[in-house]
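The first chain written gets the first letter, and so on, giving A, B, C and D; residue counts start at 1 in each chain.
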Amino acid sequence: MSDLRDLYQQTIIDHTRRPRNFRPMPDADHHARGHNPLCGDRLELYLKLSGDRITEATFTGAGCAISTASASMMTEAVKGRTIAEAQLLFEKFRILLTTPIHENVSLDGLDKLEVFGGVREYPVRVKCATLAWHTLEAALKRDDHEAKTE
Amino acid sequence: MIEAPTAAGTQSAAPPVWNAADVRRDFPILHHVDRPVAYLDNAATSQKPDAVIAATTRYYKSANANIHRGVYRLSVEATDAFEAARTKVAAFIGAPDRDELIFTGGCTESINLVAMTWGLENLRKGERIILTQMEHHSNIVPWQLLAQRTGAVIEVVPISAAGELDIGAYQQLLTQKAALVAVTHISNVLGTINPIAVMSKMAHEHGAKILVDGAQSVPHMPVDVKQLGCDFFAFAGHKMCGPTGIGGLWAPRGILEAMPPYQGGGDMISTVEFAGSTWNKIPHKFEAGTPNIAGAIGLGAAVDYLSHLDMRQVAHIEAQLLAYAEKQLQTIPGLRFVGAAADKASVISFTLDGIHPHDIGTILDQEHVAIRTGHHCCQPLMDFYHIPATARASLAFYNTPADIDALVNGLRRVIEVFA
Amino acid sequence: MIEAPTAAGTQSAAPPVWNAADVRRDFPILHHVDRPVAYLDNAATSQKPDAVIAATTRYYKSANANIHRGVYRLSVEATDAFEAARTKVAAFIGAPDRDELIFTGGCTESINLVAMTWGLENLRKGERIILTQMEHHSNIVPWQLLAQRTGAVIEVVPISAAGELDIGAYQQLLTQKAALVAVTHISNVLGTINPIAVMSKMAHEHGAKILVDGAQSVPHMPVDVKQLGCDFFAFAGHKMCGPTGIGGLWAPRGILEAMPPYQGGGDMISTVEFAGSTWNKIPHKFEAGTPNIAGAIGLGAAVDYLSHLDMRQVAHIEAQLLAYAEKQLQTIPGLRFVGAAADKASVISFTLDGIHPHDIGTILDQEHVAIRTGHHCCQPLMDFYHIPATARASLAFYNTPADIDALVNGLRRVIEVFA
Amino acid sequence: MSDLRDLYQQTIIDHTRRPRNFRPMPDADHHARGHNPLCGDRLELYLKLSGDRITEATFTGAGCAISTASASMMTEAVKGRTIAEAQLLFEKFRILLTTPIHENVSLDGLDKLEVFGGVREYPVRVKCATLAWHTLEAALKRDDHEAKTE
């Protein structure tokens, strides 16, 4: 059995208890809702863009530790990146969560997001960690539909 | 720890109670070597005693044949075993007539069957279907689908903060063209035991029929459909020590005979011509095709097992466990119970301040404690309490104070992780 | 006696065949000490190999939990096992996408599901549902119930005396507002293998959808829904070495996604509010409530078992047994075969002059030979042949020439009794 | 295991092969149809009465050996009896078919019908043996409904 602390790393606990960028943004350029029907997690994501660069990202909502920390750290990670860069980051993040640890893929650039590597051992929690990212995708597509993990 | 219950602790009329350790020995999964778990998700599904597993295995190994149509011995034996199971299950819920017990795939199918037969035939535009705020999705969505087709209207009996039905409001709703009441016997989230006998009487005074969702009651207390006075009673085998894929529906003969069939196919017919077909008598009219033969036989064995334990004893033991669990859980800082009905079964929903139920579930799992977290198929009830989810520990007679201690210690660990 | 089949007897492309005695050892009931029986009622239900019985037992003893909703390990494992079974079963029938495989209670339920969802949504008054004279009641009555509700009209493809479909007449019927064709892949009475690929193409040329009842084909030949080109494919687990109470329905994603749900309840929803609910994605949209988890896992094990044997080999062995049986039965005076299609599976219906099938069945039972007698849920087919019933011996790959010899000797005894 | 000859007694085989009173009766006073959906047996029964006494009974139809022989022997047995006597006979016949052999009930008067005693060992065949009798009941009630054993 894996150690609990692999999942609930101190960084994750910290972001859950004091989520960064946790506020609505009334003048957002992009906005989307995310919902994980399994656990009832709901979040709203707000983005401001300059050209194709994300200049600001905030969120509100209620969710589990993993989904809240993931949203918090995502808003930090994508700020200043272009849309393409953010999408690449999500791709790497997804690989981090779902691919056996010894595969030889470069996950350079995930930086702090690597604390979510422990989620790999908890397949039912992958959806919690990716909810914010799915919502980001939806927001960037200006998709008015809710993002859902299920 | 509470003492293992003894004969001395029970009412003099009740038979002496059994020993928890003996009962646990009947359940192979509870002493599974790889991973002994404090299994506290009994409201989702129960574990299975050896007797049930063996009954289905025996059927496949020595008596497997299709039923109701064969003249050869194997088929006759399979038919007899299947029909004997019907007799047992009918008796277990107090059905006055064994032909009134229809085997279905589960509680959900039983409710859908009523909606799509009795419901489609009898519900008129504008008539009321009365549900309650604490219903399981399986006792909501079939009525929504029916309402869409018929123009019937759904009304909801509100509940108090403690999780008890507002009977005054129920009375009020009954006066407004109520055709059907569909209510759970025991809430799978709150544990509330609803006053069905009273509600049936009130429904009938207003000319409404009443369906009872017994998924959570049959496994945990003595049930007698005559005493409940209801018109339909639905339940699931897998929650009462039986196999998956089998359940039951009871209704009185008169109602069943007047109902149109549900699914069409083999066995439910009397004659088939392309110009038209005629139906078999009950219960077969509602059992199209090859049924879950092994499942029914397994459910029969489950009923034998539970009858042997005695459902009064089951309820008694579970009440003791519940009292112990509530007392111990009160020592956990930030723990809030969801549901505090006066009449309550051994289901405990709770939240921990600042910690999401999903995280509680994951951490408890690491501590070998299995509870359920989420909306428990009761989204409208979550909406009522303005919470996305709860953590739920649901007890069965084979649980022990040690299981509850494991839960309590696990919760302390949860709080530590988030400290 | 024919020789036990050997690799030499098969096409060079096929893998070497297994030994009949080895295979029989896998089926506990075939060497049940009390009563070894020549089991020749495989079209009604198949026997179960140890691997299938053990898979369900193992589930109950070490991994039993409810699925799709738990964060704890036991529930995750149960969910994984259930979904792995879906993947296997989908692959076994050649489904391009595992999410297109819906678990049902059996073939009868699969057909009813299509009738009450796709059918209710798409069939208009006066539109045609095309059946055939050889359909099982389970592929007739659901369409009669649908026709009653929608005003659709049932048409019937006639058959020849040999029991083959009249494809010219089928072509004709397709030109008359045909909306749906519902046809059996293999007749459970005649053994006729219908030319589904051709019939699908013809149906689609006329804008009709086609449902195939695969209850008798999946257990006896390689099946690939893509090659069949059909729109719906229904089948039953209990006839293919799997448990009772589990079956499957396949349809392409596009059709399934456009279909309204069938039963309402837990798991098939995305969100539930009293104001309205939204549906889960496929396949879950069609699987309301707790499914037959152990049944699905058992069916997965059955599919593993059959795949290991190789369905081409199964078909090959059964064809050899069929040829032997037909040759031997021809020596019985007064025996008349019912059904003589050119393309025929290992089902043999027959009558004996002056002796009612029911009496044949009883006497053969005394001789330890289990066959079925009656209308086999095909009353319209009986009417076509102007007979009340047939005797039917239906073979499976685990039967042997000795089983057939027992049948033939038993029939001689029948004639003696009536001499 | 019981001997086959207990079921297929020579008398039964004889009545099956040459059923007595096997003809329609166009001027019957009473008439009813019987049907056993399980095996497809169908028969038609015709009665003539004088007062409450059955003076003639005939039948037509197709069925298994047991149901045909039972119909044949029933028509012989009820001829000359009153309705009440015929009903009593059916009662005794039913007991013969369904009650364990050692029970101490008097089945006097069944006479030749006792050859059906062997059916007791074959519960699925009881319906075959009683079809004719159920049809008789229906005919006497002037019941236009079909008699069914199932």
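The rule is simple: a residue touches a chain if its C-beta (ideal position, glycine included) is under 8 Å from a C-beta of that chain, and two chains touch if they have at least 3 such contacts.
Model, not experiment: these values are computed from the prediction.
Participant: Per the definition at the top, count C-beta pairs in contact and tell me whether B-D or A-B has more.
Facilitator: Here the pair linked by more C-beta pairs in contact is A-B.
Participant: How many angstrom lie between the centres of chain B and chain D, each centre taken as the mean Cα position?
Facilitator: Here chain B and chain D have centroids separated by 47 Å.
Participant: Please tell me the distance, in whole Å, between the geometric centres of chain A and chain D computed from their C-alpha atoms.
Facilitator: Whole-Å distance between the two chain centres: 80.
Participant: Could you please state the distance in Å, as a whole number, between where the Cα atoms of chain A are centred and where those of chain B are centred?
Facilitator: The computed centroid separation for chain A versus chain B comes out at 38 Å.
Participant: Between chain B and chain C, what is the separation of their C-alpha centroids in Å?
Facilitator: 32
Participant: Can you tell me which residues of chain D touch two or more of the remaining chains?
Facilitator: Where chain D meets two or more other chains at a single residue, that happens at 38, 125.
Participant: Residues of chain C touching 2+ other chains?
Facilitator: Expected reply: 69-71, 271, 358, 362, 373-374.
Participant: Who touches whom among the chains?
Facilitator: Contacting pairs: A-B, A-C, B-C, B-D, C-D.
Participant: For the complex, which residues does chain C have touching chain D?
Facilitator: Listed in rising order, the residues are 354-359, 362-363, 366, 373-375, 382, 387-389, 413, 417-418.
Participant: In their complex, what parts of chain B are in touch with chain D?
Facilitator: Answer in residue numbers: 69-71, 76, 270-271, 280-281.
Participant: Can you check the complex and tell me which residues of chain D touch chain C?
Facilitator: Answer in residue numbers: 1, 4-5, 7-8, 13, 16-17, 38-42, 62-66, 68, 122, 125, 128.
Participant: Spell out the residues on chain A that touch chain C in their complex, using ranges where they run on.
Facilitator: Checking each residue of chain A against chain C gives 35, 37-38, 123-125, 148, 150.
Participant: If we count contacts the way the header does, which residues on chain B are in touch with chain C in the complex?
Facilitator: 28-29, 32, 34-35, 37, 39, 41, 44-45, 47-48, 52-53, 56-57, 60-66, 69-75, 105-109, 111-112, 115-116, 131, 136-138, 140-145, 154, 156, 236, 238, 243-246, 261, 263-269, 271-274, 276-277, 288-295, 358, 361-362, 364-365, 370-374, 376-377, 379-380, 383
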